[in-house]
Amino acid sequence: MAGSAPVMTQMSYDMAHLIGATVLMAGFQLLYQRRLFAVLNTFAFQALALAAAAAWQAHIQNAPHLYVTAAIALVFKAMIVPFALHWLVERLGIHRTVETAMSIGWTMIAGVALVALSILLVLPVTANASALTRESLAMAMSVVLLGLLMMITRRNAVTQVVGFMALENGLILAAVSAKGMPLVVEISIAFSVLVAMTLFGIFFFRIRERFETLDLGDLETYRGDRQ
Amino acid sequence: MIGHLSQLPGADNPLLWILGVPLGSAGFLAVLRDWRVAAWVNVLASGVTFASSLVLFEHRPEANKLLFIDDFNIYLVVLTAFIGLTTAVFSAAYIARESDAHRLSDLHLRFYHSMYQAFLFTMLLALTANNTGVMWVAVEAATLTTVLMVSLYRTREAIEAAWKYFILCSVGIGLALFGTTLVYLAAQPVMGDGADAMAWTLMIKRAGEFQPDLLNLAFVFVLVGYGTKVGLAPLHSWLPDAHAEGPTPISAVLSGLLLNVALYALLRFKMVIAANGHTLTPGPLLIMMGLSSLFLSAFMLYRRGDIKRLFAYSSIEHMGVITFAFGMGGPLANFAGLLHMTMHSLTKSAIFFAVGIISQNAGTKRIADIRGLTASHPVLGWGFVLAVLAIAGLPPLGVFMSEFLVVSSTFARAPLLAVPLALGLLLAFGALVSRLQMMAFGTPPLGGQSHGEAGTVSSILALTPLWVHMSLVLVAGLYLPAELVSWFQTVARLLG
Amino acid sequence: MSAIWQLLQVFLVLAVAPLITGWVRFVKARLNGRIGASPLQPYRDLYRLLQKEAVVAHSASWVFRAAPYVTFAAVWLAAAVTPTFTTQLVLAHAADLIALVALLGLARFWTALAGMDVGTSFGGLGASREMMIASLAEPAMLMVTFSLSLISGTTSPAQIIAFVLSGGVGVEVSLGLALAALLMVGIAENGRIPIDNPSTHLELTMVHEAMVLEYSGRHLALMEGAAMVRLTFFMALIGGLFAPWGMALEGDGPVGVLIGLGAFAAKCFVLASGLAVFETAIAKMRVFRYADFLGGALLLGLLATIFLYLSEAV
């Protein structure tokens, strides 16, 4: 899109990194929580930070379409999704503590290892790209891996879903940090999230109809492969 | 966004019909109340789509930033539209019986037909997209539509299958998006910002200038992401459940078409990698994943008790062989892989057509309860025998040809690898043939429902697609049209 | 001149410490809806304790009698050499962050010994909990030290402050993370909510108080005084390292020092009020959660160091 040259000063870099780091810290905070409502609130905070990151990128890249992404992240992921999940948890009477497959301490250590891994992978590979891209990419990859870690180490369907959405936050962070990536991708991502959320709702009700709990440990007993 | 709208195909462009008809009929079918009419609208829409795709042979539209047709996706588009049509025909018959047996309600059926067309639309969009982002969106939308359909029967197993499918494939898709972003980042310094850096046709020309390390990292993500959707081991655990629990027409299109589309996406990226000379060759990775899929499924085939699950594992096996072929690389192996993709689609969907009727007749999906098919239902039974022998790799059927090409090219280039390959293929062959023998021959169970083979419309409808597919596979085993061969060869060369 | 400022500081931290603690208690009381004691009350408490007789158990050894003095001396020394209103201190070069951590560790060690010395169960309880907290909090503090030193090239707070004020570092993610980690460590070291409730009377929930249960009279005054000075020390450290503006640097005259004093007062006011609000807003954690909390602080410190490599500020 034609426009004036983007404003890239040291301050822009620093702010972008600061916001990206906030998203990453929220990812760690997600791993740390033991209560389901705290998880939902932390996820809302992460989405808020993501919206801020998208808005800032829109400002410094002079790419107005990213404001739309920021708005979607703000309204949908920071408000509607946590609210809807909150309502689901209350309505279905789901167990309010987070059941973990690995203790929280070890999970956090694994999280730090993943962050170090992301940095090790991304920095050498992007040697020729601008500093903004490198740091943002490393942070985005860390957020993605942390979301993945959360999905692996949590046994409740709601927290798995939140982990998946945290993973998506990382993906969107990567996409907005990539300079000039076209609109199609952004709206499409948001579209997918929208449809996915509708599905989640359907699933939760169906699962509830079938099972009494959303503990995936019970779900696993029906491993059709044993036939 | 306005800029992209101008890229939509005009009325004389066959792509408009190919994409517009499924999309429009999806919307129409969502509101249509009578499922009987809906089934025929479904067939009609698929027919129009198929006819439009045939036009592509005559007149290839110009590539623009959004959509394009080249030697790789032309035959895949036609194949998808064709199998979409035959499956729609089969579905009309199958659904009629499901509704009579009260296994599906009217609302479910309306939803089913609408999602079927939506699914076809997303697959065709993924195949014809010239933008990595649009392709990604289409694959994700395809996953979403099929997840809903897998859980259609609302049983415990169906819901678990759909949940597993959803979670695993969504994570895979997410990682694929990350890979896509990385590819864009590799392309952006060379090609500038914006849609140019995401267009296949433009990227392939300048891929040599992309940074190799970044492409390597990107390909790993793409391989894990789209590889999950292809069903490569160890990312395959969603496949048997998802393919087994949905309605049979859905299993047919999942095994026959969606796996191909995911593999197509993977191969497009591989082409970019191959065009850049300095990247790590992804061959060993693909070979490893292909062989592990092959062996894992070959062993699992022996212990399956559910008929649909059996053939779902067979899909994993064949996808493994195809991936192995593309991992080997070189003109012959790539050609074999492309041919195998086509043959497998036709054969696997034919098998699922047969399986659908069989399980409806027998009232069960357990292999142990199905016996003596050739005696009780000759047309169906012998069609089933032919199909299973085809998928097991017996000559002179098409699948044998492609498997033979893979094995021989592997012997020529890396004889050590050919041993496990041949071993895996033989194991699978043994499992399938032994199961086939149990089901097709012997005396049928007493008291089983034995519908006469009288030419009721419904049974003709159900059996025709099976025989049409099998005749195509038989012909392809003996003779391939020259145009198809030349397309395969071009793509084989591009794949490196 | 720096000798004068040093001397001033030595008595300043002593004089100001009870006021800070009093202010925290006052704000907490007001937030709880009580009128609360005046902020000057701790002075009166200390004075009262000093007048009283120190009662020592029969089973106590010389450790019990010596501990209050050692503890107080160590903490006072740590607070005296950390830059509060100026970096022009004679002993500033001896104030190395690692040495400061060691001084605090020394104080903690003696307190724990005293707690175990008399042989009561609560004393042992407090000592073991304190040591558990320390085993996690000290590495976290060291991680913060590492990241700060990597940025500025030195471990001396005075030089770090000078470096930051001279514009050597911009808005750094690592600094934010290090600040968060140091705040969490500060809460743990000072025995504040959510780690420990300083005004609790339930022995089973005590950590720090349990160790000093047996003290009375001047011994208790010294232990209480040490806790107050420790709080002042942390506020000075956090305010100085992360918000160094207003600090009087080398070569600043008396005017600069006055500004520095004002800045120090302001920082202490803000931090004390913030602490009071935070303590009111949050509930005390159960003991088995300490590891999570302090593990989080440690990981934040670790991340602060890792992020330095990410942003190539190293």
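Which chain is which? They are A, B and C, in the order written, and residues in each are numbered from 1.
The working rule: contacts are C-beta pairs under 8 Å (C-beta built on N, C-alpha and C of every residue); 3 or more make two chains touch, one makes a residue touch a chain.
These numbers come from a predicted model, not from an experiment.
Student: Quick check: which two chains are joined by the most contacting C-beta pairs?
Tutor: Counting C-beta pairs in contact for each chain pair, the top pair is A-B.
Student: Find the most central chain, measuring centrality by the gap between its CA centroid and the centroid of all protein CA atoms shown.
Tutor: Of all chains shown, the one whose C-alpha centre lies nearest the global C-alpha mean is A.
Student: Looking at CA centres, what chain is most distant from chain B?
Tutor: Chain C.
Student: Can you work out the whole-Å distance between the CA centroids of chain A and chain B?
Tutor: For chain A versus chain B, the centre distance works out to 31 Å.
Student: Can you compute the centre-to-centre distance for chain A and chain C, using the mean CA position of each chain? Integer Å is fine.
Tutor: Roughly 37 Å separates the two chain centres.
Student: Any idea how many Å lie between the Cα centroids of chain B and chain C?
Tutor: 66
Student: Which positions of chain B touch chain A when the two form their complex?
Tutor: 1, 4, 131, 133-134, 136-137, 140-141, 144, 147-148, 151, 154, 156-157, 159-163, 166-167, 170-171, 174-175, 177-178, 180-182, 184-185, 188-189, 192-195, 197-198, 211, 213-214, 216-217, 240-241, 244-245, 300, 304-306, 309, 366
Student: Which residues of chain A touch chain B in the complex?
Tutor: Touch residues, chain A against chain B: 1, 65, 121-122, 124-129, 133, 137, 140-141, 144, 148, 151, 157, 160, 164, 167-168, 170-171, 174-175, 178-185, 187-189, 191-192, 195-196, 199, 202-203, 206-207, 209-211, 219, 222, 224-225, 227.
Student: Write out the stretch or stretches of chain A touching chain C in their complex.
Tutor: Contact set of chain A toward chain C: 10-11, 14-15, 17-18, 21, 25, 28, 32, 104-105, 108-109, 111-112, 115-116, 119, 123, 131, 135, 138-139.
Student: Within their complex, state which residues of chain C touch chain A.
Tutor: The contact residues of chain C facing chain A are 170-173, 176-177, 291-292, 295-296, 299, 302-303, 306-307, 309-312.
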